[in-house]
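Have a look at the structure that comes next, please.
So that you can tell them apart, the chains are marked A, B, C and D in the order they are listed, and the count of residues begins at 1 in each.
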């Protein structure tokens, strides 16, 4: 199976590395709007660099990995659908739910396999939790707590184009909530403030936020985000069920503990997503490659991408108006 | 210092035991509406049993511990104020914020020391956290997460008279939020459902609930409660600050871990509040006795009791109307 | 049941406090070679101070707690046997195995109950481990690792009269080894050095030591001791069995963890034996009082005291000659 | 840099994978006594399969990785020395200390770089500990405890040719002891028994063993091994120093914990060495490749291989004669 990489930036390089470790898959071509990253990745993978159009229309390419800026996804998805290529697309599919619905239509009509790259579903810890929830190990899910903090905020220029914390950062947690709740949220309430960096507030965004989701049957999920954690990338989830509780702790830099008169000290959490989710990136690509032949089975689907975006939009609105928002099914 | 115990039930017995371990304090008299528990505690402590009126008017008694049913607090507080006795009063002071304000007036006029028994402030773990927050160890507080679950719900008869989960159970967490935030909440949003026991739902209450508090400066606190946790009394708090994070884990039954092919297993959490807060009960009584001579210094004060009740009332209303409630200062 | 306390020092005060918390037991009299501690404890307990002779011959006294200096144990045990009093005796029973055997004879002839106060057997963690080993939870015991470190060395004057590290400090671990192995050691090998304080070396003792015990069936136990641990009183044991492993971790000062750029830091271990073994002291006294009526059932017995002393003697000799010592059954 | 792989079994495949991830290094050729594994690894790496002689004499090959059976190491090392190739050699270099000395001479005369593959020195946890010890973080080392257990014993056929537990399994721990002690052991005492599988005992070997090492300055190291641990590959080390203690915990399969009425359960330890030491294998190969140009700087050196073998030999002898063995410097 030959895979064309659209986008040769940091995430494109991650996917290239993953593909290199999967038997039966190779990078077939690479493309980027800029020449330098395209040539660099071409050299590393041994695959030719070409334009996105050439790559998508190339008959040797079976599937495309879309890792380009978000505003280019829409056109690339439509082109790949037309060319009948399986699609692996970075989140968010698009900033507009309306446009994601249009992509959904195109995907549906073309019948190509489509996977929205919510990498955390493939983290060995969170995947293990979900499997055990489905297996009934903690009974029915009642309360979920998701704690997610980045080590430090991105540059203010990034923030301004990001769509805001809920669409850029919390969208991952909103997808995890759906993944673990096993039921769609029907109401969302969001709060937030700029406590980390006043520039973020001036840019109209928040850097500290919390959301409450509720489902029709009464399940509750609380999420909190901060753009800064001095102790590393903080990624924890716990799920309280009727007969037990599951929780996933952070992955630390190592297992060493030092004991002194100050007490017992362990290492910081792994620094950021490239370290923490290294195996998740590999597993999501392996999942895509393994399931691409049965298009309906690929998850997270484009619907999953849409649902998370709708939640992020509603959280943004809730924060603005200071009220809970009732959600209608997509 | 001689202390009169009003109420000889479970909590009165806890306080009697604490007093017995504090140098310079003794139980001077005990009273209960029922004869049997009064006689039993009299025998155990060596102090005489008498009526509440006799106890309060007894010139040998320096202070009273009110551990009677909530609806009797109001009259006992007024009587103790009239008699000039220092007062240690179990939470809630009263189910009505209006009546707590009337008690506050009586306490203020009489000048007696008054302590609202929010025992968790004296838990060695939570007290340690608060001290370190005040000392600036984690910078300014930004996000607080409070997870609180009882091992199993109380009898349905108790639920019906409890004032509801927010006033009966979460009130402790609401006080902890105020204790750790260092700033009054200005808005509250509550959700809840009856997931543990449908009888609780029929009785008009919830058994699973979550609250979000926000302060004027943008600090956020998320609280979640369940009336049932199969693994013991779950009492955890974490506070995310600008330069670090503090978290208090549960206290387990012991430190033993067994490793088998299933993995590494540690003991359940200490069963319930009598075990978990044993040292907190002792410390709160020691604090009361030590500070009773400077009435203004006694904390948690009756105002603290009022503030927590106002938050519990607002949470109850928020759940009913499905909207966030703006709070005004008491 | 009335208990006479022989010795009103630190350990006598611990036992007095424990007795005060056990229903059906009271301190009946106290005695000490010095007047001041005797009067202080008499005041605290409300029991009369008297001479050791008077106490032992007092018909109101049912049992004696021997917490005097080790060299006085021998005579007090004999006197108590003659007077038919049940005996609770601090470890070591005597510095000489020969003299312990003589005490054993006296106890045997008199038929009084005798308990050697190896408090660690009553630590909730270690007691829990032993119970689970006996219940077969980890199959047959194969390897035991005992790590035991004091927070700081005792005064050099104490060291000189202590009988050496193996008899003074490791004797507790040697008893724990016997408690958990379920089989008598047949060979012992000891190493040691003075690494903490050269004064200890000059006094002919070691402050850092390790012992290996083996049993006839091949079970192995490794013990290591240090007279100094900067992070508190370090008391850990792990037992590797055929179908699982049990380990007991330290008890920390609290459950709070702080996360900063240095990582995740928990509190130091509880400082020393009075804190760590507080509940063990209470449990051992309760066990003595509960079992005193069936003298043969009292454990740890005087034989246990003798066996531990023999192991400590052999370890001392092994270190001196640099060879393993074969043990014969006592 | 082109590397020739001698031996295409499990460990050869591990090294091939590592080399594939290191920039500037490639597998240049592969060789194996059997055709099938050689062809398989040739296909995977794209490198030609050839005989060991051809590989060693191939002018394109800069370095060889010796992962063949132990009894072939001696000849291959001599051949590689003659051909001037840098050598990465699996442990043990040879079963005979005399023959390792002869290899040392050949290496010394030829001036080629030589690395003994003690992979654990490159485990991120143990490497971190050693670095911090050298940096003085815990002061001077006093007591080391090494706990090492395999998940299950190897086939009895392997046991019979293994040289015994001390040379086959504990040799890694003996090297870790030297790595962390910072001083050569001067005395060793070993005990052991066959408790896991009587067949191992019948074959003249033990499956459960413990060793005590002491150095001239009095430092102590205790090691214990078992050939079976139901909870995974148990690899823990702790180092007690004058101003602190360092310990490395196991790496578990994931960070998920489940809480039920039985308590809190985490995952088993990673199953065995291929999982646990995956990153150590990568790091040791990267270290070899990076340091091969300065032959004297390569560690662990062939002397390290010799020293560990001498300790394993002495442990074997100590167990046989039941006595501590005095070591002389190699």
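Methods note: a residue touches a chain if its C-beta (ideal position, glycine included) is under 8 Å from a C-beta of that chain, and two chains touch if they have at least 3 such contacts.
Note that this is a predicted model, so its numbers are computed, not measured.
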item	value
Partner chains that subunit A and subunit B have in common	C, D
Chain pair, C-D or B-C, that carries the greater number of C-beta contacts	C-D
When subunit A is superposed on subunit C by its C-alpha atoms, the rotation angle in degrees, nearest 5	180
Subunit B-subunit D separation of Cα centroids, rounded to whole Å	57
Length of the line joining the C-alpha centres of subunit B and subunit C, rounded to whole Å	40
For subunit B, residues contacting two or more additional chains	229-231, 243-245, 253, 259-260, 267
Topology of the chain contact graph, where touching chains are joined (line, ring, star, complete, other)	complete
Subunit C residues within the subunit B interface of the complex	124-125, 128-129, 132, 137-138, 243-251, 253-260, 267
Touching residues (chain side subunit D, partner subunit C) in the complex	140, 142-143, 145, 147, 149, 187, 189, 191-196, 208-210, 212, 214, 217-220, 222, 224, 226, 228-231, 234, 238, 240, 242-245, 322-324
Subunit B contact footprint on subunit D (complex, rising order)	229-231, 252-253, 259-269
